[in-house]
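I have placed the structure first, in the form of structure tokens, so that the comments after it can refer back to it.
As written, the chain order gives the labels A, B, C, D and E, with residue 1 at the start of each chain.
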């Protein structure tokens, strides 16, 4: 089913402005409203949680005087709404505050951890797409045959496995026993700091620097967690592809294509697949967004210093600045991907114009 | 395989917030600090039992009245920047810690230093002489032990002040940068990921064998072990007992045990009627399977210990009066006012070893007839409740803040004002609402006793009473088990008194 | 013309069977007919198996469905034994089919031009450019104005009548000998309907094509076709010459004829068809020639 | 007396640049007991007129009155005791998860009838479905049977006026005959007024007394059935429509 | 009634009573489901798990909480422990069967709360349209854009750890997709003729939403929910993994995996057996959900 992934209907246009600026304005307004809401909810959660943010700063041994000083410093004496407005104002100036936990600017932290997640999620999604889509198409074409059943089983296994358990087992087998891949972390210790950091994406940086040994090592580190995440999203992508394809393959225009004497390959890929591309983009965007936010457990197990782990650890340490910052980033990406797939939809589907 | 001049360690280091010695108060931070900053006095990693030794200060003199200590600075210590270490640097560093008044500052301020008087009380007379004035007489060992703590690290005044912003005395810069005279300097720190240290080219001591040290943050024990087995790391510091057991069996790997200062204890809130009944407390203390836990899931990582001073500390009490004895426990409970034992809630934070201990307590106390439930929360959550004195039983761990017996005596056995208003959250006795005016006096008396043996005796007596009457059920002392490649020698994580030292390691 | 007498298609005892949970269901039950260069109409009520017959000829029945027959001969080819590969050669090239509803039968995300040239490129070694020229000519031939422009349109941008004509152009461009038109006009307005029929008519007369015209509109078929098969419940109950439809004997045919309200001949009540179970059981009437 | 009176009715959809004027100042009236037909090409606004009368569209201007009562923006339940509608597609007009019994029962309950059981039986009888159909789901019914249920539902509140939107266009000719006969019978029995849309002039000619021809949202001509039969139309569009529905299709027929 | 006549009674196309109509509708769904081997496999597994949960006291060989520090980490089969023992010497098999209760409880609770919330918000937004739609959908978007585990963690942190709170937190994070589905479904339904028809009887919006729109949305929700079951258990397990799910010593499966992960290299079964249990039950739910898709999807039923 595709309904749940349908791009969000964006706010109604005002009556006055001409068409496309109005559309743009509406989209921007929607993003703004959504993000503001996101900020508000996160902020409220941060304040409602019955954990003392001051304690997170000063730790177990502090005296009451130190406590009071930090209380004032964090602006906790001000009314909630004012605190929120101050926060929004800061965020608008690109200032997410300082992380209590790492002692660094949250924006710096995110600049560091986000590329790690981005790299992992991107590779994971690519794996998911390159295996999941053909698998889904095959399953649909050979509906109810053993291929379909196999694809279903493979997909559902991916959907059902506890990812943290598979992570540990994968690590044990492929790293511990077989030694096919490198272990936890993003890069072997000897390779650290060799290639200059440009994008923060190690694979890309290594390519830019033309350093193959670093590239190989980084790839060997990422391949296992990425495959796991890929497998997880593969499940979702292939199930969705299958149901989209089934819908298209039963459409009348497919028979038309067959009547023309087209080969099966053309019928499936040129005709049916063309029609699901756009739905598929939405699904892939969603899967991608899910990997960006949802790989916390994988990150922990593979010691992957990514944003999921960052936010979770921060949350457990009640480091709300980091949590808010990370959430805003992930939320924005989510909204961004949503809008991107919406735009793609408008751009590619001749019917949407 | 790791290169011969490089040490790779897997450890949980996500608690590092800063490297600034005036602020740093975490285990992983202390490890870094010890290798980067030198102190006036310090511990020799190869002979920790010898106690503090001269380092930046080559000698010191105590005035007649015991309130003034004059240090003479040693030659040949140079900061990584190339600046020599002077008394001005030392004075600046200590004043700075007092003035910044961050969490660990109490270690210094307990001697009467305040942000206002710091410039007078801590003073560099010349490049070589530092004079410290205390508000009263203290045991010299107490003072010097405190100066050997992380907060006693001496920073490079010139470099730090160059990087000052908004009058913060360089504290923003020192979070992520180091300016010390120790064997190493931090080259790169990626929070939750790794710390990279290289040699300090100006280090005055012998050139360490390890020219580069990398500490990687690896959360999972299984992951650390796999890395060790594959030779990707030299040392794994957080292996579970089961993983340790297997490493012991593996060729080419070895395990080194080191007693740490961390205690595992439970404590009962004295505001709760039933839990303030001494007989109930006694019953609870008898019905803990100390040895069973130490031999099973805590195997090798904790040793049974029942006094508030950890072994290897001055005056540590080795007696372990309580065993797992259900008969005695039942008898004690029967004598109490609560023979049926009411509901008990154990607050425990979300760490697996603590949850395991809590489950064992739940099991054995359950056999007494108590209805025990657990609430697991994040560290901050449980601590919050503890500080607000809302818990029933808190299952916690306590590590000494500085290498002097007062660190634990001052919190387990001191409670100057038990009122809610006083908010004396720094004292564990207060957190458990345990009102002990006499014991407080006794503990404070030990602080000023300058004769070391007498002082030790005072602490032993204090602990003996404490063991029997306190609402604290101290159960275990931590043993850190480091698993490492056979070739690694001299890795010492600092025992109960200090942190890890990398500069003596060879392989 | 001499070859108007040769049969383009011979079908004997054609069955289309679908397995269902309650046993199997025969949508077409043993019908026989042949097609020459003529207009052969197939009429019958909804579900009587008209479309299935059309699709069975091109072996386009979807998966669980099965086709059986004693004979299926198209020109020199035995369709029964033809492989899927051979069938692809036949489809489009030798026999084509116009689908019921242009709205659903054109690929919504491919331009009209792409869809038409594709049919050509699948069968002939021809450059894209030439294919395009041919496609424009073809669109012109089916009376589409501004064919260059229409080539770049997407199906949702053309009206139903245009869509139907595009379908026709698409199916005719490889120049097939047999065209099956499945209710090509039922979705159209009366006026557009006429245009489409005119085009089809011209093709049969000018190109000598064989046309199978499927419809449920008796009047239309009787006016347009040469021969008519009347289907009921998967069988052919009657075959007659188009001009003589009004003389049809079978009660089902008569019933159908009488139930249509006629503007010119009003009746107070319409006759209602009384179905006789025997109709469904009677053997199929052969329409072989 | 007039059952339906439309004066200068305009209906539009959407706002601003997207506005579609579906009906433009339509004016006609239907007498009580009369059967009035609405014809025109696809998209000319026939259904829209019916839906506006039924109160399913808000964006309209002009005057409408039913049985002498002017209609406002919202309709009371009483209005629906007067006017009911039958939709084009019997496959879409029944709730796929409700049995016939439930469909009719709910309507009767909404209109406050108490003897629901007997009424359902009677309604089913009226539309020529036996009691055997009462507990079936739509998927167990043929198209014609579904349309009968839809008609039964429309008859349930005992309305005076039925709006029929192409009630047979989705059906076979043979089934169409049954439904058309049923509608004629009901009209005779219950003295109903019909406003009926169809694009099949044969059906309209069979059922209606007068017709209105619509093109591009406008009513271009009103004529009675006799004029229609004699192909006597003034407006060229009507003429064309009549022509094409009776003209021979092949000119070259020998 | 004999068997054949019962079957005929159920298979009838012309039911004679309300009861028969409902029964026949269920029976035909059942037949369809039965035709799907994999879905049946899923169903059977689920039935077995439910039975196991119900009969836990009978099946368990000892108390799920009984510790025996002397017999810890035994391998499957040793000393009569079918699946071995865990780190506190508790019998894994007994914990597993008792744990089934908790896992099923979580699933059942979430499966009721989240879709209901989504259904209400989605259908109201879809049916009302206009400002209410925009507001509700913005609201949904905000929650959808939230990192899910983070939101759940935050809720749990706010409410305190524990299974009920975990369930609540998961529900609060799980509803937005359901709201989206329900809204999309409502949008297609709300302009259909049968809704017009009931409007023409003067029915009010609440009645239309509850009695006419809901029944149609529910089928696509049910399909989606069964597919999500696995995710729910896994999220709960994930919370347990982070120590925020069920409280020890409760034998919740996720918590069991999390406890056992320390031992995975040498005592693989401690984490693997509950892991396999989670895997099995979620696979079962997925297979069943996949089958239900065929049974419930009105689009398919129409054909």
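Rule of thumb we're sticking to: a residue touches a chain if its C-beta (ideal position, glycine included) is under 8 Å from a C-beta of that chain, and two chains touch if they have at least 3 such contacts.
Bear in mind the structure is a predicted one, so any value in this text is a computation, not a measurement.
**Q** Taking the mean of all protein CA atoms as the centre, name the chain whose own CA mean is closest to it.
**A** A
**Q** Can you name the chain that lies farthest from chain C, using the mean of each chain's Cα atoms as its centre?
**A** B
**Q** How many angstrom lie between the centres of chain B and chain E, each centre taken as the mean Cα position?
**A** Whole-Å distance between the two chain centres: 47.
**Q** Where the centres are mean C-alpha positions, what is the separation of chain C from chain D, in Å?
**A** So the centroids are 33 Å from each other.
**Q** Taking each chain's centre as the mean of its CA atoms, how far is chain A from chain D in angstrom?
**A** Each chain's C-alpha centroid was found; their separation is 53 Å.
**Q** Pull out every residue in chain A that's touching 2 or more other chains.
**A** Residues 50-51, 168, 172, 176, 316, 318.
**Q** Return the residues of chain B touching two or more other chains; collapse runs of consecutive numbers into ranges.
**A** 220, 222, 226, 350, 378, 381
**Q** Got the chain D residues that touch at least 2 other chains?
**A** In chain D, no residue touches two or more other chains.
**Q** Residues of chain D touching chain C in their complex?
**A** Residues in contact with chain C: 41-42, 143, 172-178, 180-181, 184, 199-203, 205-207, 228-229, 240-242, 244-250, 252-253.
**Q** Which stretch or stretches of chain A touch chain C in the complex?
**A** Going through chain A, the ones touching chain C are 143-144, 250-253, 255-264, 266, 270-271, 274-275, 277, 348-351.
**Q** Contact residues on chain B for chain E in the complex?
**A** 220-222, 225-226, 240, 242-243, 245-246, 289, 292-293, 295-297, 350-352, 355-356, 358-360, 362-363, 373-378, 381
**Q** Over in the complex, which chain A residues touch chain E? Could you list them?
**A** Result: residues 1, 3-6, 8-9, 11-12, 30, 33-34, 37-38, 41-42, 45-46, 48-51, 149, 152-153, 156-157, 159-165, 168-169, 172, 176, 239, 243, 293-294, 296-297, 308, 311-312, 315-316, 318, 323, 326-327, 330-331, 334-335, 338 of chain A touch chain E.
**Q** For the complex, which residues does chain E have touching chain D?
**A** Interface residues on the chain E side: 13-18, 20-21, 25, 192-194, 196-203, 211-212, 215-216, 298, 301-302.
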